[in-house]
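You will see two complexes here that share chain A, one where it goes with chain B and one where it goes with chain C.
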Partner chain A sequence: MKFYRNLSISQKQVVWAWGFLALPVLFYVVIRFYPTADAIVLSFQKWNMLGIRQWAGFDNYIKLYNDPVFWKVFRNTFVYLILGTPASLVISFAIAYHLDKVRFLHSTLRALYFLPFLTSTVAMAWVWRWFYQPVPIGLFNNFIASLGFQQIAFLNSTTNALPSILLPAIWAGLGFQIIIFMAGLRAIPTSFYEAARIDGVSNWTILREITLPLLKPTIVFLVVFSSISFLRIFDQVFNMTTNNPGGPLDSTKPLVLMIYQTAFSSFDMGYAAAQTVVLFSILLIVSLLQLYLMRDR
Partner chain B sequence: MADTQIRASADALLRAPASARGPRDPAAIIRWTLLAMGAIVMVMPIVYMLSASFKYPYEMYNLNIIPKEPTAENYAYVLSDGRFYRWFANSFFVATCTTVSAVFFDALVGYALCKFRFRGRLIVFIAILSTLMIPTEMLVIPWYLMSRSFGWLDTYWGIMFPGMMTAFGTFLMKQFFETVPDDFLEAARIDGLNEFQIWWSVALPMVTPALSALAIFIFLGNWTAFIWPLIVTNSQELYTLPVGLTTFSVEQTVDWELIMTGAALATIPTLIVFLIFQRYIIRGIAMAGLKG
Partner chain C sequence: MKAIRTLTLAATTSLAAMLSAGAVSAVEIEYWQYIFDARITAMDKLIANFEAANPGITVKQSTFPYADYRTKVAAAIPAGEGPDVVQLFYGWLNDYVQADLIQPLPESTFPAARIEAEFFPMVQAMKIDGKYMALPTAVRSLALFYNTKLFAEAGVTAPPATLAEMVEIAQKITKKDGAGNITLEGITSGMTAQDHQWFREVLLRQFGAVPYTDDYRTVTYNTPEGVAALEFYTSLEQTLGVTSSTFMDEPQAAFKAGRAGMHIDGSFRIGALKDTRGLEWGVAELPAGPDGTQSNYASYWVNAITTKAQGEKYDAAVKFMDYITSDEAMQIWLDTVGELPAKPSAALTDANIADPVFGPFIKGLGYGHATIFADESGQRQVLVDAVSRIFLQGQSAADSLAQAAAAEQALLDSYYAK
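Now for the complex of A and B:
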């Protein structure tokens, strides 16, 4: 205690700072950085969880390059991203833009739009899976059949299954994006709009010349946020295709599901680690792109 | 953007817009009608899930929302199994512990990085921030191996340890501590409080909106977490609600009304939480979004 009392105020601060940070620094090193390094090391090794880890050089990456399933999965993952991100952003912006101008029952409408965001993904995956079942079980097909049309194979078709799984993922994320867009819209000073109205500018021009440019930070944030969540899609796919995960014929399998199966069904740990490194690299590029686009902020 | 502005626009979000046109305008009526229809479509899956959970199998596949003969038998059956209580309790316990720990440490680290001047501050901050770019999916394999060697597989600690601190929360709290004036802390220092007491009794009470927003995020995130609990647990007694729900639904195969009842049981608590904390949740998301 005597030692502490003799320190200057700024030296005391240093002692306190590291006191506050000691356990957290240990946590980040042991639970975040060490595992990251371990995953990268493991991607250069061969290991089936029995015996010892053996060095394999680039074998896992070469195997990945020559694996037709990997390329299919890679394609699927980007289809989730390329369909999901623009669709969810356009829909949520359209809703936020109009909801922002509505006064009657405003908070009720907003609550209804937001509600799906709070549901458990697993629970909702099963609800949607039920909707997609063939006649006489699934509600969608019952409805289509009652109108006299031929029923649609949603989850049993290699072409329809991926969009069918994507739809609930988009649906569940809309509420969050609407709130973020509305907050962004409210942050634009009303004087901008008043000035434009005095100049007699049309609504469309206001949207294009004032609203969208000023929303750029919000848009960049949401593009990156939703891109990352679509690249990491897993819960919906796993639960909607439990009888044949990622099926039919791997047509819905995303990268994370392939990682899960390689690691915890085939126990090919080195190969799975190489897949996680690929996922990490993709996400890193997306994040760095965000930093680049936001640099002038 | 300045913090006062962020708070102001997050708060403004909770009020209805002021510049709305009168209700007589036909364009406004069409806009409102379309928005209302969209809102109804948005909640339809939840409505049908709840409706199905009160139906007998014979009318399960009809499109009517109000059951002709409402029944609580599905709930009685699903709950009689007993496992749901356990999974519910597990999820609640795990989410609560993780939330308390993460909010405590994120606020502690955020404060230290914001208010103390010391060598290495920037390095620690950048190091923590950089972990945001590491996806959970990359870490699950090493975490699994780690848990296996330490005997953490199939334990509560095993489910919880990865989430005990979060980089996102640290960043958020650091941003919010910027709004706490140093004069207050200095005054407390002169009054003889030590640094921990200053943090706890002076700084923390000034950022309670941010703390509650962070707590809600972390709780919801852990309540719905799926992939890590799925990997780390083996025995059904340790399952969290989402993992249990998957297992339960796979077992039922064709009894969709029971699957919907299970799904409803997993969803109802979050719906109740939402109804109570709606304003905090929406304001919290708006604040975090504007910060990000």
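Now for the complex of A and C:
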């Protein structure tokens, strides 16, 4: 107590600040940092959830490197990212850009676009799964068949399944991205547009020279945000392919689903931890890249 | 002062006496299983009967969601907490034994010779190094469900006895639209459901192949006979067109909706079908193979005594195990849960065999095989992928089966490598 009384005001402020921070710090250490560190340790061990953990050196990583499924899954994960991120950004920007100019029923339209984002992913994935079924129950195929065309194997195909699963994932994320884009558009001072109009510049030039450059922070944020969400895609894939998770023939399996299966159906915890460390590294690189890109602001 | 001291002494003495008396007369043991309503009810009945017959022993049942079950058991027992008697899937036995979570059943109460004489032969999978580690109360097998309404419409009077008859009936029932899309399946199919069990333990054997060596550590189905079995299975969809593995999302959904004539599934499906309005169905034994071979796949959950149970708790646990593997317990389990008795003496009673629903499943137990899995979902995936390669990538059955055998062997090798 005497020690505290002898502190200066600013030192006391530090003590209080840490006093209040202690709870979240403790929370993060126990709930986040400790399990993370433990997972990294586990990735060098062999453990089936029962019994003791045994040291395995780099065995898990060597197994991972030699596992053809891992490379396929790695590729799938990046296909989700490379198709999903640009597609969702372009679509949401186009919608936000035009929605920004609409006065009639503006709030209603915005709410409608936001609605899928509020829906539970699991429920949505199951509804889309039903849409994609072959005749006689699938909505899309019933329609296609009624027009007299050959039905399309949406999910039971090594080429169609991944885009079929990606589509609802993009659709569900649109609402959020549209709202962020619209906030970004609103934040651009109208004086720039007025000046451009006085100069008689075309709409295309305004978009390219004013709107897009000034939206850069918004775009960077959304790129990183949606990249991370596509790299972590799981719910949509798992729920739309529960009978054959990540199938057919692993053509839709993302890394997170592989981790889940390795851990909780094969009970190979060490191997799953090694995969988690790889995913962690990828996400870390993406986040660091974000910091680097945001730096010049 | 002295009065108080005397009083304290008296109180302490009587308390100690009471405690020791309590310890002698009442032993409480704990029983763990995962949450499945009918099984909890059945176990409550068994516990009530057991406690009535064994005053002084109480059994406390704890249940957990399936997803947490394994972790909870693994964490509790080494810490000296948790169950004295535990329920586990037969396929997990190796893991539990190696982790030192369960102890062998005592030879005095459960002599190996008696178990082998009394239980169905597939229970022998529970013997490790000559000692029985666990025993089931109930077992499950496969049978053919058929839609009686669709059978009548197609003019079929009896369920198929052989694979050839099965194909013939399926062809009569199947309906297609103008574009050739199936709208009513003759028979359901899907390696993702129970077909992988049917293929592994039934079709392969019926076509003359042997799926594995006796210890289930070596794959032996990559033979011309094995290829013939796979060709038969894929021909149902590819050439005969009486089924489609993607039809209505899941085979059981198609059958439940009345859109499929026949469906191969386990006895655990009975409950779900019983409550389906408007569905009229019957059960038959799995069709016999071309040379008349009958086979079946059986699986079961077992009970075992954990390493935590010592001293009087161990004795109580042995008594409890003895009761829950008795004929009486098995009949209660059948009536409450719908799972089949694990002993012929309890299963093959006249009433059970004559039962139109349970009968065919029970007959299947007599020639059933229990696959010893290293990783059931991994091994299932191997067969799922084998069929996908044929359907989606046009691979030949021979190449696909060879690839599947190699993949499954790699899985087994990595599991048993110590």
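In the analysis below, the second predicted complex is superposed on the first by the 283 of 297 C-alpha atoms of A that agree within 3 Å, B and C clash if a C-alpha of one lies under 4 Å from a C-alpha of the other, contacts with A are read in each partner's own complex, and residues count from 1 in each chain.
Simple rule for what comes next: a contact is a pair of C-beta atoms (placed from the backbone, for glycine too) under 8 Å apart; a residue touches a chain by one contact, two chains touch by 3 or more.
Keep in mind the model is a prediction, meaning the values are calculated, not measured.
*Asks:* Once the structures are superposed on A, label A:Leu207 by its partner contacts, choosing first (chain B), second (chain C), both or neither.
*Replies:* neither
*Asks:* Between chain B (first) and chain C (second), which does A:Gln261 come into contact with in this model arrangement: first, second, both, or neither?
*Replies:* A:Gln261 sits against chain C, while chain B stays out of touch.
*Asks:* State whether A:Ile285 touches chain B only (first), chain C only (second), both chains, or neither.
*Replies:* neither
*Asks:* When the two structures are overlaid on chain A, which partner does A:Asn244 contact: first (chain B), second (chain C), both, or neither?
*Replies:* second
*Asks:* A:Ile137 in the overlay: touching chain B, chain C, both, or neither? Say first, second, both or neither.
*Replies:* After superposing on A, A:Ile137 lies in contact with both chain B and chain C.
*Asks:* Who wins on chain A residues touched, chain B or chain C?
*Replies:* B
*Asks:* Would you check which partner chain A:Leu7 touches, where first means chain B only, second means chain C only, and both and neither mean what they say?
*Replies:* Neither: A:Leu7 stays clear of chain B and chain C.
*Asks:* Name the contact category of A:Ala153: first (chain B only), second (chain C only), both, or neither.
*Replies:* second
*Asks:* Once the shared chain is lined up, is A:Val90 touching chain B (first), chain C (second), both, or neither of them?
*Replies:* Neither: A:Val90 stays clear of chain B and chain C.
*Asks:* Identify the partner contact of A:Ala22: answer first if only chain B is touched, second if only chain C is, both if each is, neither if none is.
*Replies:* In the superposition, A:Ala22 contacts neither chain B nor chain C.
*Asks:* Could you give the residue numbers on chain A that contact chain B in one complex and chain C in the other?
*Replies:* Residues 130, 133, 136-137, 264, which sit in both footprints.
*Asks:* Tell me, which parts of chain C touch chain A in their complex?
*Replies:* Listed in rising order, the residues are 67, 70-71, 73-74, 95-96, 98-101, 177, 179, 181, 183, 190, 192-193, 244-250, 259, 375, 377-378, 381, 384-385, 388-389, 391-393.
*Asks:* Give the list of chain B residues in touch with chain A in this complex.
*Replies:* 1, 5-6, 9-10, 12-14, 16-17, 19-21, 23, 28, 31-32, 34-36, 38-40, 42-43, 45-46, 48-49, 52, 61-63, 105, 108-109, 111-112, 116-119, 121, 124, 127-128, 131-146, 161-162, 164-165, 167, 170, 194-196, 199, 220, 223-224, 226-227, 231, 241-243, 245-246, 249-250, 256, 259-260, 262-264, 266-267, 270-271, 273-274, 278, 281-282, 285-287, 289-290, 292
*Asks:* Show me the residue ranges of chain A that touch chain C in the complex, using the header's touch definition.
*Replies:* Going through chain A, the ones touching chain C are 48-52, 129-130, 133-137, 145, 148, 150-151, 153, 155-158, 243-244, 247-250, 261, 264-267.
*Asks:* Help me check something: in the complex, which residues belonging to chain A touch chain B?
*Replies:* So the residues of chain A touching chain B come out as 10, 12-14, 16-18, 20-21, 23-25, 27-28, 31-36, 38-39, 42, 95, 98-107, 109-116, 118-124, 126-128, 130-131, 133, 136-137, 139, 142-143, 146, 168, 171, 174-176, 179-180, 182-184, 186-187, 190, 193, 218, 221, 225, 228, 232, 234-235, 238-239, 242, 256, 259-260, 263-264, 269, 272-273, 276-277, 279-280, 283-284, 287.
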